[in-house]
Every structure is written in structure tokens, then in C-alpha cells.
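For reference, the structures are reproduced in the following blocks.
The two complexes that follow have chain A in common; it is paired with chain B in the first and with chain C in the second.
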Partner chain A sequence: MRDLLLAYGIFAMYYVVVINTIYFGIILFSFRKITRIMKETFYSKYDFLSGSKHMPPISILVPAFNEELTIKENVQSLLALHYPTHEVIVVNDGSGDDTSKVLIDEFRLSYYKPTPIEHNTVATAEVKGVYYNPEFPNLYLIDKENGGKADSLNAGINFSHYSLISSIDADSLLENDALIRIARKYMENPDEYVAIGGNVRIANGCKISNGMVQKARLPRKLLPMLQTVEYLKAFLGGRIGWSDINGLIIVSGAFGVFRKDYVVKVGGYRGGYPGEDMNIIIKLHRYMLDNKLPYKIDFCPDAVCWTQAPDTFKILGSQRKRWGRGNLKNMMEEGAGMFMRPRYKIMGWLTIPYNIIFETLSPYFRITGFLSLVGYSLVDMTGWKIVAVFMLINVLYGTLLGMGSLLIEELAFRRFPRIRDYFKMVFYTILMFFGYRQLGILWRFLGHIDFMRKNNSWGTMTRTSWNDEEKDEAA
Partner chain B sequence: MFINLQAAYWMIAILLILMIIFMSLTLSIKMSKIISAKKEKDCLANFHSYLYYLQVELDNEAMLRPPNKSLRSFEKKVLQKTLLPWVERLKGVHREKLLILCEAIGLNEYNKKRLQSPWSIVRLDAAYHLGILRDKEVTSQLISMLHRSNFDSSICIIARSIAQTSEYPNEIKNLIQYLVNNTKYHLHLIADISKESSLDLRSVYISFLYEDHSKLNKIGLIGLQDQVDQNIPETVRSFVHSDDKETRILAVQLLMFAMDLTEKDVHYYLQFPDWEIRNMLADWIGYSGLTQYTGLLKVPIQESNWIVSRTSAKSLAQLGEYGFEILCELAAGIHGEQGREVAKEYIDEKLKQTINTFSHVDDITEYNQKIFIYQKFFGKRHDLTKAL
Partner chain C sequence: MTETHASSSIRQSFKQFLHYYQASNLPCGVIIAHATLDQPSINSLKAHLEKEEPATAFQINYDAQNNILGLLLDDCNLGYTHFYALHVKDFLDGEDRLIGEMIVGNFPENSDQAEQMLSRMINEMVIDQRNQQEIRVFDNQTIKKTEKNSVLIVDHDTSIIHLLGNYLQRKGYIVHVATDGKKGLEQYKKLLPDLVITEINLSGIGGYQFIHEIKNIDKQSNGHSEIMVLTNKQLEDDIKRTFEYGVAEYITKPFSLIELEARIKRLVEVME
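Showing the complex of A and B:
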């Protein structure tokens, strides 16, 4: 029994070492791509492109459910974007609060009865009306019955006028050149790019005014700070590398640009479950590979979107459980059919297997591995050295990956130039392994249980006004 | 289960070494940036009065004088960082004066040396700056650099510099052909790059219209849209019937911008099979205030395509009394049910807009005229009057 517990515990440790090793390989791809990104970041003439009539017009879709606290600043920031032709379509998804009223009052919008739509039709819940003010000619508010985030995005697609669409979360703020940066990337290969994701950064702690992040600062609270280093690792260390081999499995719902024609061809966003951002990307990969069409799904790390990170365990737990449910649903619905199938190339051989074995199933291996080590320690303490060494390897490996991402950040983006910020981020990268990671695994597992019990609620999500953030900072 | 503690210790050592390397690299980059920013700040402080002199003298006729002392490389780099954004933003005489000054300061020589660097990122940086400096002597070097480059984002940077420095339209023509044949760039991006050139490229764009290459045809159509001389070659009309939708749209767009359309043409394009073209024409009539075509919008406003119908209604609302009268006819159902709802929306909106922008007598007259037309069709509607 004792040997069995130790053996399983060590197996789980090896499992984590393998995950870290694969991730290290992905970070090496990120380093390979970073010179190209640096060239794009430093030398592309974004100021001039933002005034060029040659940029493709983009419809920005903002699904909003109970977003009365942040929606005004969000829309202001979107209207102020430096981009030649864009429209902002806010879709109020049957909010129970004053989301619509806040916008109607702020922008003096008038009601229009919705007219039948012929183009780009994706089925959605009933649209009650469209609100518009000619003084803000590129702003529309669609008021519809509640149908979920995916349904709202589909309603936005139906209404949109342009062939490129951008999905943006209502609690996020785009940097004013974010859209131009992502559009410039699209213009390098418009025939093949079907989706390009932006970089999501944590806004907690930043100085914000007029719907814009004026000064990037690290959060002061524990949870947002942990999420800051977590996001840096995921986006800079992970997504740059995955996109380098065209194996990106997700374009964050917070900010991404898509070819509308292909999104419509794959049936639009899938409703009913969270994880619609991952689902649409897997469907796009599948469609393009099934039809043998050349394509790329890329990541544009210099196009930045700032988002509010949950700062309480309750809200964070709710978010992570939702992600867990979404991931499981996507792997069962889409991933299983692509697993190890040669026609799906990198997706079939690497991305999907990595996600199923090391993401979806990881709570089971990790939790049972942890429990067997605890059990082993209770039975016999003589093997503590082996356990301690393996645990140390995992902490060091994880920290190394975090430090690799911080190096990428320093090479190409330098949002946090102060030396003390660097040490703070390294400290939190290490701290993450003492409780936060384990909690994340547990939440994901609980998300799977919710999935089995068909609990499909969105969970707790409380927004904080951007102005409150500002006041907190001032205090 | 394979457990080898010795191997595990080795792994810990390797991980620690890698961590130290990553940390040292990050910190050294940070430190060098901080030191360099401080040095730059100090250096700029020394040039404070000189930069003030440049700002004052920029509007005067006299040439700008370079600094009295000879400059070190670092000082040149700092001045370059300040002066080149000015060059980019200014046009005409001001830009010319600054370019002469930059040459006198030695920025061209400084970047030409860096163009020979063994480091590709330094060469790219030099190419970028020589483009802004419009250094005509380096065009051939930039062209060979372009041909040697990997097909990544550096192509775009070098191509812009070639367009900025080239003296001959033929070089730009070759550049466009190279980009079309060797990259997957959006044609609008290639056209945008070619427009960095200050040369007259009309002949280049026209020559593309006669090429047997659809991408070059499209670049020709895009490029000609910004030309001052609006005599459009007859061949453009043949592209209206192209098999490629984008080509058809670009051709009609060009004819529209050149105002090379008769009433018969407008009538024809408002019924064109591509909704994008119908929409474009309907929009153009409105924002250009082409009142002579007002009556033609009766047809597209009634069509089932939601976007075209709304655009036509919007244009009618922009076309004065006659446009408003047509909206009222449609809203009253004289022409049937199609377009009735959208016409009503725009009537309400137009009346509200007119009353909101009251500033002088003309506005009141315009409002009264609209109310008069409105009441002709609908009588007195108290709810609307009250809302207004």
C-alpha cells in the first residue's frame, strides 16, 4: 500500500514535470517569434495607419449582461479608438440592471423597431429593439431577450455592417491603438487569417480615466496580482508559442478579431455553455482543416485589452469553475473528434491531446496524486526526501516558465519598467505554487462536477466601477 | 517507478541556472534601459535651447543651423528620436528644412553606417530611419535588402522606406509587383505603402489596369482613387463586369470618386446585383448632396436588403425637401408597404435632428418646410409635435 501510494504520487509528479516541459517547449517557440513581434511593435507606423482609409472597417461587438457599472467607460473607450472606420454594437442580453438605461442616457439614444435581417443570419433570441443616435453614428445598442453571451455575439454578427468583427467584453478597456495593431496584422495575410487574438492584461491597480488606462501599475491586492503573473505567463509564454505553430486553441473572449464569413459558416458562437471563445476557435480550425483551406489563427501581443480581474475568492472561484465547465464541454464536443487524427495536423497531434491530457484531466491526476502523497506521508515519513525533491522541481520549473514570460515582456513590451515591479512579479510567480494553483485545480474539478450535474448557471460575477478602482488607487 | 535522486538534483541545478540566466538577462535589459533613458534625458536637457530654436525658426525663411559642436553617436541618436517624428508629421517646406538639417547634423551618414551592421535588427532600424530621412542614395541598397529579407514584417518596413526614398516611378512599380508576387499582403496595405512616395504614380497605377493580373488591376483601381487628375481611363468601366466582386466594387468606387457617372449609370448601379455597390451608391448620393439623383433612391429604399434600404433612407433625409417628401410618400404607403417602416424612422429622426440644431432663421425655415410636407401626408400628429 505504502509503495503504491508513493508510486502514484511520483507518477503525478512526473505528469506535472511533463506538462512543464511541454510548456517550456512552447515558450521556446515564443522566444523564436519574439524578434518578429519586436519589429512589428517598434516599427509599424500605427499613428499613420490609424488615419489611413486603407484599413479594413471593423464591427466591434460588446455583449453586455448586468454591466451598468462599467459599460459607459467601456463604450467611451471604444468610441475613442484610433481607427478609421469602426462601429460599436453593444448587445444588452436582457440585463436585470440599468445597462441599457446607462447607455441610452449617456449617449441620448433613440429607440428603433428592429427591421428584418437578411444577411449573416445566425439564430438568436428575440431582438426587442435597436437604439441609435445620429450624433454617435458608429454606436448601436441592441436590446434583446436573455440568451447568453454567445447568443448576444450572434445577434451582434447579424446586425454588423462590416466583414471583420471584433468581440470585446463589457468589463474590458482597449488601448486606443489596439484595433489598428490587430488590423495591421490581419492585413499581412488577409486570405489566411480567420481569427487574431489580442493580449489581455489585468487593469486592477492601473490609473484609469476617461475609459483609458493612463498608467500601467501592478495591482495591490493579492488575487489580482496573482492573476497578473498568471495572465502574463499564459499570454506571452503560451499563446505566442502556440500561435507560432498554428496551434492556438483559444482567442480570448475579452478581445479578438474574426473574419465574419467564416464565423457564420461554422454556425456562429455556440450557446448554452460557457467557453464559447474556445469553441469558436476549435470550430474554425476544424472547418478550415476539413475543407483543406489554408488558414492561420494568430495572436497579436501588442494589441492590448485591459480587464478587471476578480478580487474575491467567491468571484474568482465562480469564474474558474465556469472555465472548467467550458473546457470539458469543448473537449467532449469538439476535441474528442479531432484527437490524434492526422487530418487535423498540429491541432490533432498536439493542441487537442495537450488540452485533454494536461488541462481537462489535470485535476484528476493532480488531486489524486496529491492525496496519495499525503497518504504516503501519513503511513511512512522516510520517503519525504523524494517527495520534497519532486515538489521543489515542480515549483522551480513553474517559476522558470514565469520568469521566461517576464523576459519576453521585458524584451518586447516593457509595461512595468520598475525593477521593484519585476521582483514583485517574481515573488508572486513563486507564491502562486503555495495555495493558488491548488485552488485553481480544485475549482476546475468543481466545474466538472457542475457540468455532470448540468448546473449551467453563469455563477457569481460582480463588477466594480472603473471609477471605484480609481478612487481606491487614490486612497 | 523510476526514481533517480541524482538525476533530480541535476535537474534542480539546471533549472536554477536557467532561472539565474533569465533573471540576469531581464535585469540587465531593465538596467540598460533605465540608464539609457537617464542619459537620454540629460542629453535632451543639453539640447533644450537648441530644440526651442528649431521650433521658433521652423516658420522663418532662413535655413536651420545644426548645433555648433560636433555630435557623438549617442547625441545623434537622441536628436534623431526627437527630430524624425517632426519630419513625419510635417509636410512641404517645413519637412524639407528639417530634412536638410538632419543631413547637416549627420543623421544620414550615421544610419548609412548602421545599414552595414552584421545585426539584422540594427539594419532594419537604419532602413526605417533612412526612409523617414528620404535619403535618395540608399534606395538601391534598400531594394537589395528587401530581396534578401525573410518574408516577415520587416518586408513591410523596408518597402515603406523604399517608397519614401525612391526617385523613379519605375522603382515603385517594381516594388509593388514584388510585393504582390511574393507576399500575401492585403492589396490596400500595398497601396498604402506605395503612397508613402511623393512621386506622381498615376502612370504606374494606369499601367496596372492593363496587366493580365487581377491583383495588379485592383492596386491600379485603388491607387487611382486618390489621384488629383480625375480623367479615368475607359478600361475602368470594363472592370465593372469583372468576375471578381472586389474588382467590381473598386471599379465603381473609382468611377464614383472621379464623378465619372451619368444619371443612366447611377440608375444602373443602384440596381446592380451586388448589394455593396447599391449601398455605396446610395450612401454617396446622400453625403455628396447630389440632389439631382434624389428620385432614384425611391427604388433602393424599398428593397429587402436591410442595409441598402436604411442607407437609402439616410441619404434621402440628407437631400433636402425633395428627399424628405419622398420619405413621406413612402411612409404614407403610397408606393406600397416595402420601405414604409424605415422611412417613418428616418422622418422622425430628421425632424428631431432639425429641431435640435436650431441656431438661426434658416434652420427654423427648414424645420417649418419639413413640418409642412409632413402634415401634407399625415395631418397634424400631436404626439410627434409634443415629443419634439
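Showing the complex of A and C:
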């Protein structure tokens, strides 16, 4: 029994080492790609491109559910994006608050009957009306019955006029040149790019006014700060590398640009479960590979979108449980069919297996492995050295990966230019392994339990007005 | 020059007098107050002032549309005008008629253009209606500048602002700058410049909204500023749309300073 516990514990430890090793490989790809990205972006003239006739028009879709506090500023800043031709389509998903009214009053919109659904579209909940004002010719407000975020995006797709769509969370702020940066990437190869994701950064702590981040600052609270370094690691260390081998499995729902025709071909966004942003990417991979079409799904780290991170355990927990639930659903629905199938290339051989074995199933291995090691230590106190060594390796390896991501940030972006910010990020990168990571794994596990119990609520997400945050900063 | 059409009855009725003072180089004081009055109360104000300061001749006019009371004092300096305004304020306070601020100005101490000074004072009162019930001396800085043409440059690109700002300053323009639409609008309300040079790609509020708001302010205050768009946007749709908004010029970047200056000259000097 004792040996069995030890053997399983060691197995779990190796499992963690393998995760980290794969991640290490991905980071190497990230480094390979970041040098290219730096050359491309440093020498591009985005100001000039933002007025060019040769940039494709983009429809920006903004699903909004109870966003009355932030929606006005966000729409204003979206309208002011530096881009040649874009339209902003706000989809009010049957909000219980004054989301619609705020916009109608601010922009003096008037009601129009919804146009009948044409072919080549996706079914959605009933659209009650469209609001528009010729004085703001690139703003539309769609008012519809509640149907969830995916449903709102689909309604936006049906209404949109342009062949590229961009999905944006109503609580995030795009940088002025974010859209033009992604579009430049897209124009490198308009035939093959089907989706390009933007970089998501945490706005807590930043100075915000006029719907724009004026000064980038690190958050002062614990949880947002941990999420800042976590996002840096996931986006810069992870997604750049995955995109380098065309194995990106997710384009963040907060900000991404898609080819509308392919999104419609794969049936639009899937409702009913969270994780629709990952779902659409897996479906796109699958569709393109099934039809043997050349394609690329890319990540554009210099196109930045700022978002509010949850700052309480309760809200963060409900977000992570939701992610866990969505991830499990996606893997069962889409991932299982692509697992280890040669025709799905990198997706089939690497991305999907990695996600199933090392992401979706990780709580089970980690929790049981941890328990068995604890059990073993209780039975035989002399074995603690092995346990300690493995734990140390785990932390050091993880820290190394975190540092790698930080290095990418410092090399290419340096959004937080103060020296003390750098040391703060290093400190939190290490701190992440003492409690926060474990909590994340536990939340994912609880998310799976929710899934099994068919608890399918969206959970709580409270918003604060950007302006309030500004006041806090001033105080 | 910022031309103001005489829509306010105060401007109409004082026009002749101001013209006379300026032509004969005699000093005069102007007091305007944001107040609600009716004919009997105007009469009693007149009586009150005649009793308090019998030596001073004055003209009075009330613009009921904008709720502005105007007083023109004969042959006095700024100090006395301000002193006189205290009597007016006493009366208005006593009757509880004052709803906003009072502005005092003097020719030639505040401006050497008497008529324009009055127009600007009224503009200021109409545009930013302050609630403090205080007496304020008209800021002569803005008026003195009217000898030269003033330009407001709004662009997010600081290198453009520096380049263009320095160039125009050397050419004798008064230059004001703003880096986003919101700040630009605040500056505009304060300065009412002769010319606005703006990018369409702005932050805070977009360029179209910025131009639209300027036109609204112009309409309210009967002012007029020329707007020149200097932008990265090369699309025909943008050009069409900006001209529909009433913009006078559309220049795309990269641009030539010589050409730009020539176009500016055409816009602001024709109006003198």
C-alpha cells in the first residue's frame, strides 16, 4: 500500500514535469516567433494604415448584458478607434437594466423594424428591433430577447454588413490601434487567415479616462496582480508559441477578428455552455482540416485589449468554474473527435491531447497525486525528501516558464516600464505557485462537478463603472 | 476673425454706442449679468442705479431670449466699472433675480475692439453657463489675441502637433493644441479660435463627433470657426462625410507645410 502511494505520487509528479516540459517547448516557439513579430511591428506605420483604402472593413460585435455602467464609454471609444471603415454593433441581450436606454439617449437612436432573416445566417433568439441614428452612421444597437452571449454574437453576425467580424466583450477597452494591428496581420494573407486573436491585459490599477487606458499600472490588489502575471504567461508564453505551430485552441472572447463566411459555415457560435470562444476556434480548425483548406489561426500580441479582472475570490471562483465547465464540454463535444487523429495534424497530435490530458484532466491527476504523497508522508515520515525534491522541481520549473514569459514582455512590449513594476511581476510569478495555482485547479474541478450536476448558470460577474475606478485612482 | 452675428438684442442696441466710443477713443464700461428680469424690475433697477451713482450715464438692455442683462457705462475705467457692478449685483441679489455669473469689461483696458469684446462676453456667458453668482472681469488675454489669427490643433500624434504648432507660431498665428477630442472640445469652448485643424482619428470622442459638437457650439453662440481636417484617412466616404458636416478643407497626411499654410491663409484671411 505504501509503495503504491509512493509510485502514484511519483507518477503525478512526472505528469507535472511533462506538462512543464511541453510548455517549455511552446515557450521556445514563442521566442522564435516574437523576434519576427518585433521586426514586423516596429517597422509598420499604423497611423498611415489606419486611413488606407486597402484595409478591409470590419464589423465589431459587442454583446451586452446588464452593462449600463460601462456601455456608453465603451461604445464611444469603439467609435473612435483608428480604423478606415468599421461599424459597431451592440447587441443588447435582453438586459434587465438600462443598457439600451443609455445608448438610445446618448446617441439619440431611433427604432427600426428588424430586417427579415436572410439565407446564410445563424438562428437566434427573436430580435425585437434595431436602433440607429444617421448622424452616427457606423453605430447600430440590436435589441433582442435574452439568449446568452453566443446567441448575441450570432445575432450580430446576421446583422453585420462586412465580411470580417470582431467579437469584443462589453467590459473591455481596445487600444486605438488594436484593430489596425490585427488587420495588418490579416492582410499579410487574407486567403488563409480565418481568425486572429488579440492580447488581453488586466486593466485593474491602470489610469483610465475617456474610455482609454492613459497610464498602464500594475494592480494593487492581490488577485488582479496574480491574474496579470498569469495572463502574461498564458498569452505571451503560451499563445504566441501555439500560434507559431498553428495549434492555437482559443482566441479570447474579449477580442478577436474572424472571417465571417467561415464562422457561418461552422454554424456560428454554440450557445448553452460557456467557452464559446474556444468552441468556435476548434470548429474552425476542424472545418478547414476536414475540407483540406489551407488556413492559419494566429495571435497578434501587439493588438491590446484591456479588461477588468475579478478582484474577489467569489467572483474569480465563479469565473474559473465556468471556464472549467466550458473546457470540459468543448473537449467532450469537439476534442474527443479529433484526439490523435492524423488528419487533424498538430491539432490532433498535440493541441487536443495536451488540452485533454494536461488541462481538462489535470485536477484529477494533481489532486489524487497530491493526496497520495500526503498519505505516503503520513505513513512513512522518512520519504519526505523525495516529496520535497519533486515539489521544489515543480516550483522551479514553473518559475522558469513564468520568467520566460516575462522576458518576452520585457523584450517586445514593456507596458509597465517602471523598474519596480518588473520586480513586482517577478515576485508574483513565484508567489503564484503558493496557493493560487492550487486554487485554480480546485476551481476547475468544482467546475466539472457543476457540469455533472447540469448546473448551467453563468454565475455572478459584477461590473464597476470605469469612471468609478478612475475616481478610486484619484483618491 | 471670429465674426459674431448680432442676434442678442444687447449687441443690437449697444452697437452704435460702442462704435462711437471706439471711433472717438473714449473709454466705456460693459457689464453683463445672467438674470431673469421683467419690465417693472428693469425700471426699478434703473431708478436704483440713478439714485446710487447719479453722476454716471448708462444704457440698459435686457435680452429676454438668453436671460442676459446688459449695461453700458459712459466714460469710466475698469475699476469703476467693477465698483458699479457691485451696485447692480446688490440690486439683483436683493430681488433674487441673479441666476448665474456677471462679467465686467472695459474699453480700452480689456480690449481695443469694443464691439468684439461685448460679443465675446456674451458668447462666454451663453456657452459655459456657470452657476456661481459672482462678478468676473473679462479675461482680456483672449481678446488681445484677436489681432492675430488663432488656431486650435487637435491630433493624437504629438510630433504633428509640435511640427505644425511651431511652424504656425513662427508665421504669426496664435496656436493652441489638444491631444484628444474631449480636450479639444474644452479648448474650443474656452477660446473660440478662428481655425480648427483636426485629425479624424481621435480618442475620447471621435473626430466626427468633435466636428459635430463644434458646429453645435457655433450655432448656439452665433460664432463661426473654420474647420480644416488633416488626417490619415484617405477614404472617399470620409471626405464626403466631413464636407457634409460643414468642414472647409480636407488634407491627408503626409502633407506639405507650404500647401497647408496657403490653404489656412485662404480660409482665415478672407474673412477679415
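Worth pointing out:
Going forward, the second predicted complex is superposed on the first by the 473 of 475 C-alpha atoms of A that agree within 3 Å, B and C clash if a C-alpha of one lies under 4 Å from a C-alpha of the other, contacts with A are read in each partner's own complex, and residues count from 1 in each chain.
We take it that a residue touches a chain if its C-beta (ideal position, glycine included) is under 8 Å from a C-beta of that chain, and two chains touch if they have at least 3 such contacts.
The shown structure was predicted, so the numbers you read here are calculated from the model rather than taken from an experiment.
Among chain B and chain C, the chain that touches a larger number of residues in chain A is B. In the superposition on chain A, contact is made by A:Asn210 with chain C only, not with chain B. Residue contacts after overlaying the shared chain place A:Ala336 against neither chain B nor chain C.
Of the two partner chains placed by the overlay, neither chain B nor chain C lies in contact with A:Leu293.
Residue contacts after overlaying the shared chain place A:Thr85 against chain C, while chain B stays out of touching range. Using the contact criterion defined above for the overlaid structures, shared-chain residue A:Leu400 touches chain B, although it does not reach chain C. In the superposed model, A:Gln76 lies in contact with chain C only, and not with chain B.
In the superposition on chain A, no contact is made by A:Met381 with either chain B or chain C. In the superposed model, A:Ser52 makes contact with both chain B and chain C.
Shared interface residues of chain A, touching chain B in one complex and chain C in the other, are 47-48, 52. Across the interface of their complex, chain A is touched by residues 156-157, 180-182, 201-209, 212, 231-235, 237-238, 241, 252-253 of chain C.
Against chain C, the residues of chain A that register as touching in their complex are 47-48, 50-53, 76-77, 79-80, 82, 84-85, 135-137, 176, 209-212. Of all residues in chain A, those touching chain B in their complex are 6-7, 10-11, 35-36, 38-40, 43-45, 47-49, 52, 54-56, 110, 112-113, 115-119, 134, 161, 184, 186-192, 385-386, 389-390, 392-393, 396-397, 399-400, 403-404, 406-407, 410-411, 414, 417, 419, 422, 426. Across the complex, chain A is touched by residues 1, 3, 5, 8-9, 11-12, 15-16, 18-19, 22-23, 25-27, 29-31, 33-34, 88, 121, 124-125, 128, 152-154, 156-157, 160, 183-186, 188-189, 191-192, 222, 304-307, 309-310, 341-342, 345, 349, 352-353 of chain B.
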